[in-house]
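Structures incoming, each one as structure tokens.
Shared between the two complexes below is chain A, which has chain B as its partner in the first and chain C in the second.
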Partner chain A sequence: MEEILTVKSLQKTIGQKRILNDVDLTLKSGEILGIIGPNGAGKSTLLKIISGTMIPTAGSVHFSERKGVIGIVPETPAILPALDGFRNLELLASIRKKIGKREIKEAMETVGLDPSNSKPAGTYSLGMKQRLMLAQAIMEKPRLLLLDEPTNGLDPVGIIDLRNLLFKLSDDGVGIIIASHLLREIEVMCHRVVIFSKGRIIREVNLQEQSQGFIEIAVSDLEDWKRLCQWSQENSNSLKELPSKGLPRGLLQTNLTVPDLLPQLIYAGIKIESIQTAEANLEAAFLECARSEGGLYR
Partner chain B sequence: MIGMWRMETIKLVRHKRWLAVIPAFLITTFISLDNLCAYPKLELNVWDGIFSTFFNYVYFRFIVLLVFVFLVTDTITGDISSKWVYLTLSRCSDRAKWYITKVASIYSAALIYSLLGVSIVFLASLTKLPYAGSLSAFSTNPPDLFKAMGTYVIPKGGNPFTLTAQLILYTSFSLGTFALIPVTLSVIIPKGQIGMIFSLIWIFISQFFQSSRTWMKIDIIPRLVYGAFFYPDALLDFSVSGSLLYLFAVAIGSSIIGIWFVRKADF
Partner chain C sequence: MLANVTEYELKKQFNKRLLMVGLIQFILLAAGAGIYLTYATPQRTSYEAFSFSVFTILPMALPFLSALSTGITLAEERSLGLVPLFISRGVSPLQYILGKAVGSATAQICFTCITLAAFLLTTFIFFPKGPILTFGAHSEEYLAINDPFMHSLACILVYASAALAFSGIALLISVWVSNVFVVAVVPTVAYFAALYIFVLLDSNLNPYFHLALDQSPGPAFASAGTYWIAVAAISYLLAVLCFTMKKNWS
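Presenting the complex of A and B:
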């Protein structure tokens, strides 16, 4: 896969505050890259610089196609409230003049909107406005798609539709960058994730590789949790506690499979409530980063 | 660029707040007509409704100009707060082009506003004054009492249609040019209603200092009124060409400053 976006030594300073600090990033065609991090970490700033709405203090952003289209879904829906959805898109399309009514209708139908709906877009629900934003971002067949909190306002069906749409675009070779707070969604949608803190990338996680060797375990009570911690130390396995309001829960890194591990834990007297192979472990990676940084939110 | 300009114009004009234009012009017209019709012997016709409304400095400042400023000066700060700027700027290859289309859309909106305003005033005037195809005796040769009060006098032989067309074009250009100043300011200081507040302060100061010759020479607001060229006893005698040149210089200056700041601005 060819690289479509290269970000080199990117810096952004506003007043005395450094928002981005030496950010290096690449994106390949068809790749879905997630950006996670606490509020104010610099995620949105990075997307704004890539899209050209913000100017970097230093460094460069290179998009492989000089006249290639970049699609953007902003953090909050931007619409002309007095016009219907189709007219909104038609006006935006008139800037580049690359597509006609047919393509606009197709884009609306792809995201589940009715192009013939003549209600003013200002009366749309938040989910519909978000779908309209997706339609405007994809209607001109972009080579690069930037999404800032794309699941905002989407209902569960909308989130699944979005996921399927992004997978389809990825298969078509579109490079996608998603900034979000929702670890679970990023985990499911992305091939690769970068964790941002204080304007720099503190870790890059390849979700496809990282999914190997992790098992998520929930135990009955704190006594069992202590036994599990002791067992993992004795057997040189790493155990990370996962935040949980219910049963104590953790992520165990091990070479064993669930059928091999389960008898050993039972033999050690640990009462297991649930055990499963972790498909991905972004939450663990994020928490590990938080620990090593002394808490991302501090 | 034409598509962008069209889009920006529609965005400015297709807004609920444009409904404010109707009551604003209706109220101004009826106040103006009440003043004229208080003198029963005057020979008036519908065109006097238009000229007495648009040629009046106070009505122009506090209604015609202020309403227009309210309609357009947040074109950039509004785009930033609504995030619309991300959708348009990323589609535009050059920031200078993006800003030029903004400027062009302000002038288009000013033309639509002037046409709409004159139409409302014309229709409202028809309810109280008769229609005629020529200028009234009052507008070409007002009574001495009105001359003493300092009313406008239109040269005899003038055509009301031509004069109204000139009024619309001049008012569009002058309103658009004035609006460019607060819009440029909002690029430099992109804060909420900065353009509106700045314009409001200026309009009030301009009213209070209108007896000062020095202020009147510098201030752009008195030159925005097309009627300024028809007051024989005015404090300053403005020429059409001089005022057009002044407005043109302001428009070019504001646009250049705007483009310079937009090239470096973060949205």
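Presenting the complex of A and C:
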């Protein structure tokens, strides 16, 4: 896959505050890249610089299609409230004059909006406004799509629709960058994720790698959890506790496979409720980063 | 791309809001014609009613109505977050602001000229045609008496250039301020503050008078028109320069 976006040594300073600090990033055609991080980490600033609405202090952004459209879905829906959805998109399409009414209607239908709805867009629900933003972002068939908190205001069906749409666009070769707080959504949607903190990338996680030697285990109670901790220490395996509302849950790093590991744990008297090979676990990676950074949110 | 952005701006400008502001302006002028009937004059004429209305009512309202009709366009798009949607489509900041300036200026000129022309035509229904004997601009008395139509036409052009200047000032403020209400009010405050300062400086300008028509030295229309066109040109030029030099357009 060809690289469509290259970000090199990007820096942004506003006043005395450094918002971005030497950010390097690449995006391939058809790749979905997630950006996660706490508020003020620099995610939105990075997207603004890539889309051209903000000038960096230093560094460069190279988009392979110099005069191509970049589809953007801003954090807050940007619409002319007095006009209906179709008219909003028609006005935006008139800026480049590359598409006609048919393509606009297609884009609206793709995101689940009715092109004949004559209600002013200002009266739309937040979810409908977000769908309209998606339609304007994809209607001119961009090669690069930037989404800032795209699931804001979307209902569960809307989130699933968005996920399917992004997978389809990815199959068509569109490079996509999503900035979000929602770990679960990023984990499901993205091929690769970068974790941002204080304006720099502190970790990159490839979610396409199915196994990195991690096995996720849930045990019956705290006594079993203690036994599991002891077993992992004795066998030189690292065990990370995962946040859980019910059963104690952890991520064990080991060379063993589940069929080999399970008899050993049972033999050690640990009651296992569930055990499975973990996919690259974003939550675990994020928590690990939080610990190593002294807490991302501090 | 510049032509497309200008076309977009024109399509956006001619909307219900412009119609509403035009209606308000027309009602104010009609109210002025009503007040005209209470004043004594040797001969009531349509041109005189027009002249009286325009000179007494419009200077008070023009700064606000001009800003509200077209001047707030940039502030509105900034507050709605629309600017990034242009830039991500390959429109440069210079093309964007030039398109806005050309589009809003064209819309403002058309809007003011059409509203005033419509009012002038309406006065023809209610009053007979004839010279302006009492309520013309003092230094243009010859024109008012001998060619009242040309006097009214010149008056429309001066007011259109003043409206353009107020719209330009609003556009300039919008480069930094995205609050639509503030942007709409600033030209009015600036206008009355400037007139007040002229009075403090012992200038001949009367703060309650007519966009400088009455006290202009020499041919009033020419000097007042030039003055407002200069203010408009400077404010539009500054708006374009300042917006282009920004580092964040979101």
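The criterion applied here is as follows: the second predicted complex is superposed on the first by the 294 of 298 C-alpha atoms of A that agree within 3 Å, B and C clash if a C-alpha of one lies under 4 Å from a C-alpha of the other, contacts with A are read in each partner's own complex, and residues count from 1 in each chain.
Rule of thumb we're sticking to: contacts are C-beta pairs under 8 Å (C-beta built on N, C-alpha and C of every residue); 3 or more make two chains touch, one makes a residue touch a chain.
From a predicted model like this one, the values you see are computed outputs, not experimental measurements.
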Clash-or-fit label for the pair chain B, chain C on chain A: clash
Contacts of A:Ile95 with chain B and chain C, given as first, second, both or neither: both
Which superposed partner A:Ala78 touches (first chain B, second chain C, both, neither): both
Common interface positions of chain A, toward chain B and toward chain C: 48, 51-55, 70, 72, 74, 76-80, 82, 91-92, 94-97, 136
In the complex, chain A residues that touch chain C: 48, 51-55, 67-72, 74, 76-82, 91-92, 94-97, 136, 140, 146
For the chain C and chain A complex, residues of the former touching the latter: 1, 4-5, 7-8, 11-12, 15-17, 80-91, 247-250
For the chain A and chain B complex, residues of the former touching the latter: 14, 48, 51-55, 70, 72, 74-80, 82-83, 91-92, 94-97, 136
Residue ranges of chain B touching chain A (in the complex, touch as defined): 3-4, 6-7, 10-11, 14-16, 82-92, 264-267
